[in-house]
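Okay, so chain A shows up in both of these, paired with chain B first and chain C after.
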Partner chain A sequence: MRDYASPGVAIVAVGAILVAGVYVLAVLDRLLGMIVAGTSIRLGALLAEPVQSGALLVLQERRTTERPDAAGWALAPALFGGLAAVALAMVPLDRDIVAADPATGFVVFSAAIAMVMIAIYLHGWSPNSAFALHGAYRYGAQALSFQIPFLLAMLATALPAESLSIVDIVDAQKSVWNVVREPAGLPLYLVVGVAVSFWGPLNLPDAADLAGGTVVEDSGLDRLLWKGARAAMLVAVAAMGAAVFLGGWWGPWLPGPAWVVLKTVALLVVLLASGHLLARVRIEQFVFVSWVLLIPLALLNVFVSGALLL
Partner chain B sequence: MNGLITDGVFWLFAVGSVVTAFRVFRTDSMMRAAFFLLASFAGVGGILALLGAEFLGMVLILMMAGEMLVMAIVMVMFMMNPAGLNPMWMVHQHRVAVVAGAGSFLALASLPFVVDLPDRPAPRPEEATAELGTELLGGSMLVFQTAGVTLLSAMIGAVVIAHRNGRFGEAEQGSLEPALEPPGEEKG
Partner chain C sequence: MARAGLQLGLKQALGRVAAGAPVPVFAVAGQGAREHVQDLRLDGRLRLVDSPGAAMVLLIAGGLPDGLAEPLAHLHDSLPHPRATLWWPLGAGPATWPQQFVPTIETRDGVSETLQAIQRELLRGQRPGEPPILPDEDPVPWKGVGPYGQGGTGMTGGTPYGRPMAELGADRDGLRLDVLPLRIGPFFPRFPPGLTLDLKLAGDVIVDVAPVESPFAGAPPVGVCRAGARIFVDALSQPVPVAGLELARAREHLRWLADALVAVELGSLGSRVLRLAAELRTSDGDSIRTLGRALRRTQAIGWATNGVGRIPAAAVEGLGAGPIARAAGLPEDERTHDPAYSGLGFEPIVQRDGDAAARWRQRLGEAAQSLELAARAGDRRTVPTGSVESPRGRLDGEGNATARFLHLLPGVLQGLEWGDAVTTLVSLDLDFEEAVFAETARAGAVAS
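Let's turn to the complex of A and B:
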């Protein structure tokens, strides 16, 4: 039998880590913005700002549209946040500290990423609003394009471990991290990771050119929950990247969990920096690059990783 | 205690699957029908995982997410029904549908009573996954590879048919069919 934490412990721990992760992400994002813009950094304001803007959203009035699908609208942020929690639950902090380590952890994580497109489509479709629906269709095209390179990039990391369990995948990186073994894997994963949480250059469904896209009709608590869920997903993607490409808990001097946190924050900085340094990509360009460049590259990555193991 | 939780989760998935499957036909919008169908499949995926077929259960959920989204978008495109929000009936030929639905439900539900099911404890999930892999790439390899290549060629065919570059130029350019004799005037 593989490792499972008891349900109560797992739910509380994953929830707490997600909330902390979202806060760290919000602070990091603002800090990177200040560094890129060259403005002076005031630490107190920086640390208080995410809490203040969150509190402002809680106090704001919620609004509704004409004949929305109310159930779907309410369910979408919950589904998105829940999927982020499922994805994060698969990431081990250490060999024996993990919320759940099913034999098919890789497939569970992939299923969570695949269901994200349902959450976003539901969120864009349910308010019965044109711009929100445009955003939903954009994410449909985006998600169907990144699904395959995403699965292939992660699949290559399961080859050296000869297992679909994330703990086994991390364990197999004791001598060489996958980022060295498969140089194309991490860049592919990061591009797709930005697309999964539609951050920065790949924020097409919630883009400013659609007046906010799927969040255009959200206000107050709805908007806060949606933004929180989206940030949580980015945290989960970064944590999984740290586990399967950067060797998870392996590292000298520090204890395992500290390494996992450090590596996750490092990947988060890279993912967040893309939002401040790169211009937004058009959806046609992203779809073209995904199918013509990323899929062949990801296939090549799998073939080379497989051939090296033979 | 553990068995009680498992039983509770099973009934949650089982009743949830049946209720959402029923809602697929009682709802008035194609998008809602697609979401209900996905919820029903997710419940079946959960039951498969409970039965020890973790891999199959998770792959079912993984595949169905993309499948339902594509299905819903294509349905909306063909029905000229913006966003699938216009109310519509999800069932045609009601009497036939009721008889066929009830008949197949009864036939399937009677199976456990008439078939002598094997009494074998379920293998552990990792063994089940390994067995599945051995089956796919061992005994049944020819069947699955044949099906795989057939599906791949169908996909390539669909991409070619859907491509905007037709025989007479790009679709969005309003191209004209050429004349029957080579140096003649274009039809149009």
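Let's turn to the complex of A and C:
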């Protein structure tokens, strides 16, 4: 029998970590943007801005369009945020600190990632708007292309542990982190991690050429929740990357949870920097690269990892 | 009662917190306002947004022709409550939009402060949000009968409910797919002000496109000229310093680049470029070369633009299409005919590929070249010949490069995916105002 926190504790803990993670992400993203833009950094304004902008969106009224699917529109951010929470719940802060440690944690996390497509399609479909629907279809093409390399990149990390439990996968990295064992795994994971949360160069569904894509019709709370859910998913992807590639809680001097937080923030910086340093990829290119390059590379990664363990 | 009081208290507390947030602004750059609106990106107190749904204030800058009044009213009504509108005339005549505005202001600092004040008042309930301008009613009666409003006679084809539905049509692969008619513009943030396209899309592929006549064309002069375009308009009729002209050209190219970077999701780098444009000096050649390296590293000149929107030299030969033609390998440049440039070592830069990446490289190369020319020009002045090489190509009494190029646009965009079409359009640097400025200058009505 594996560990599970009580439902109340798990919901509060995961919710609090997600909110804190989204705030840290917003500050980091703004900071990186200011560094690239070459503007002076005022710490007070930097720390206050996410809260202020969030409050502004809470006060703005929700907007509607002609003949929307109102239920779908309201549900989409909840589904997306829920999936981010499920994904994050699988990430252990320490061997004994984890919201849920099912024997199939890897499968639960992957299922959450796979279902993101439904949330995004629902979000794009619901407002009855051309650009929003266009963004939804783009994510369909994007998701179908990244799911396989994403799973394969993660699967290779389960081989040394001989288990699909995330706690076991982290435990197996006591002597050597997976990033050393499988050098191709982390870059692959990060590329598809950016795609999952459609951030930066792979922000195709909510892109500037669609004036915001699936989010184009959102205002007020709808916009806040959608942006929050998207950021939460990026936090979950970074946290899982820290667990399965960077040894999770393993590290000297500091307590385990501190290492998890530090490693997560480090991966977040890399993921967010891509948004300020790399141009938008064309969807056709991404689909081509995923099928022709990333899938064979991810397969090779699994084969090599398996062979080294024999 | 207690609950209502609690809600009010919470709302007031949130209002106080939110009042300090950067003001989300949807800006409409009218005639003469493009640079002013662009510079607002550098102001940390504001945030220019791409969708009216994300905005709290609608900023209308510069002069606007009558033809934009109705689309502007639609735009206004699509802002969520609480909302407000600010008119920033920038020297233009009375607004053509028949609504009352908050007191108008004319200085840049004043704009940001006023926008902040408007946001503060809206959030604290001190200013009522603006009501809709247009009636909130269906364009035609809805005749759907199903539980979700679907079905019903006359609701399954053509243009039911005043909205065209997708119909079967041929696509580029010889299949018959749904083709959706769609109008994009005139306030689409990635398009130049005034551009509207009637599209037919099969999926995200453009199967047909027709530009709608620009509302600026034929509009009465509004009496303002964009600062960056002013010297080129002046050069049509009077000698102007070559150094000033070339510095202005480099600035215009960098301003274009700042917008182009936003279109490929590199807005932070775009802000850096915008600041360089604002403070540009003839000694900044190294900064532009460094920028070129950065653009290649970020893949803005790379995977985002390589092979996109290719325009062959034969298509633009003789059009005076400036950087578009030179990026395709044609050394067409009005400066080669100007005696003021002889002895300066001026040779038009050309590329070969004619795609979006080549146009990015072309403008960057020309910006660096212009700074070198400006440094060498001393006090030379141009010789007016009735035509001048503006940053977009030949500008003369007949119009500008955009006006001459526009009929080629459908052929360039057809068959492209929407993302590539936007990349292509951005790389063309269309400008509907330039010709109007020249026309207005001839009428002697232009002010700075």
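Assume the second predicted complex is superposed on the first by the 310 of 310 C-alpha atoms of A that agree within 3 Å, B and C clash if a C-alpha of one lies under 4 Å from a C-alpha of the other, contacts with A are read in each partner's own complex, and residues count from 1 in each chain.
Convention: a residue touches a chain if its C-beta (ideal position, glycine included) is under 8 Å from a C-beta of that chain, and two chains touch if they have at least 3 such contacts.
Keep in mind it's a predicted model, so treat the numbers as computed, not measured.
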| item | value |
| --- | --- |
| Partner chain(s) touched by A:194 [first = chain B, second = chain C, both, neither] | neither |
| First, second, both or neither for A:107, with chain B first and chain C second | first |
| Comparing the two partners chain B and chain C, which touches a greater set of residues in chain A | C |
| First (chain B), second (chain C), both or neither touched by A:169 | neither |
| Partner chain in contact with A:137 - chain B first, chain C second, else both or neither | both |
| Partner chain(s) touched by A:39 [first = chain B, second = chain C, both, neither] | second |
| Partner chain in contact with A:216 - chain B first, chain C second, else both or neither | second |
| Contacts of A:118 with chain B and chain C, given as first, second, both or neither | first |
| Contact residues of chain A, present in both the chain B and the chain C interface | 67, 137 |
| Contacting residues of chain A [partner chain C, same complex] | 32-34, 36-39, 45, 48-49, 51-53, 55-56, 58-63, 66-67, 130, 134, 137-138, 200-201, 203-204, 207-212, 215-220, 223, 275-285 |
| Residue numbers on chain C that touch chain A, as the complex places them | 11, 14-15, 17-22, 24, 42, 44, 50-51, 53-54, 56, 78, 80-82, 119, 123, 138, 142, 149, 161, 163, 180, 182, 188-190, 203-204, 262-269, 271-272, 275, 297-300, 302-304, 308, 417-420, 422-423 |
| Chain B to chain A touching residues, read off their complex | 5, 31-32, 35, 38, 54-55, 58-59, 61-63, 65-66, 68-70, 72-73, 83-85, 124-126, 129 |
| Residues of chain A that touch chain B when the two form their complex | 1-2, 7, 67, 69, 72, 102-104, 107-108, 110-111, 114-115, 117-118, 121-122, 125, 128, 133, 137, 140, 143-144, 147, 164-165 |
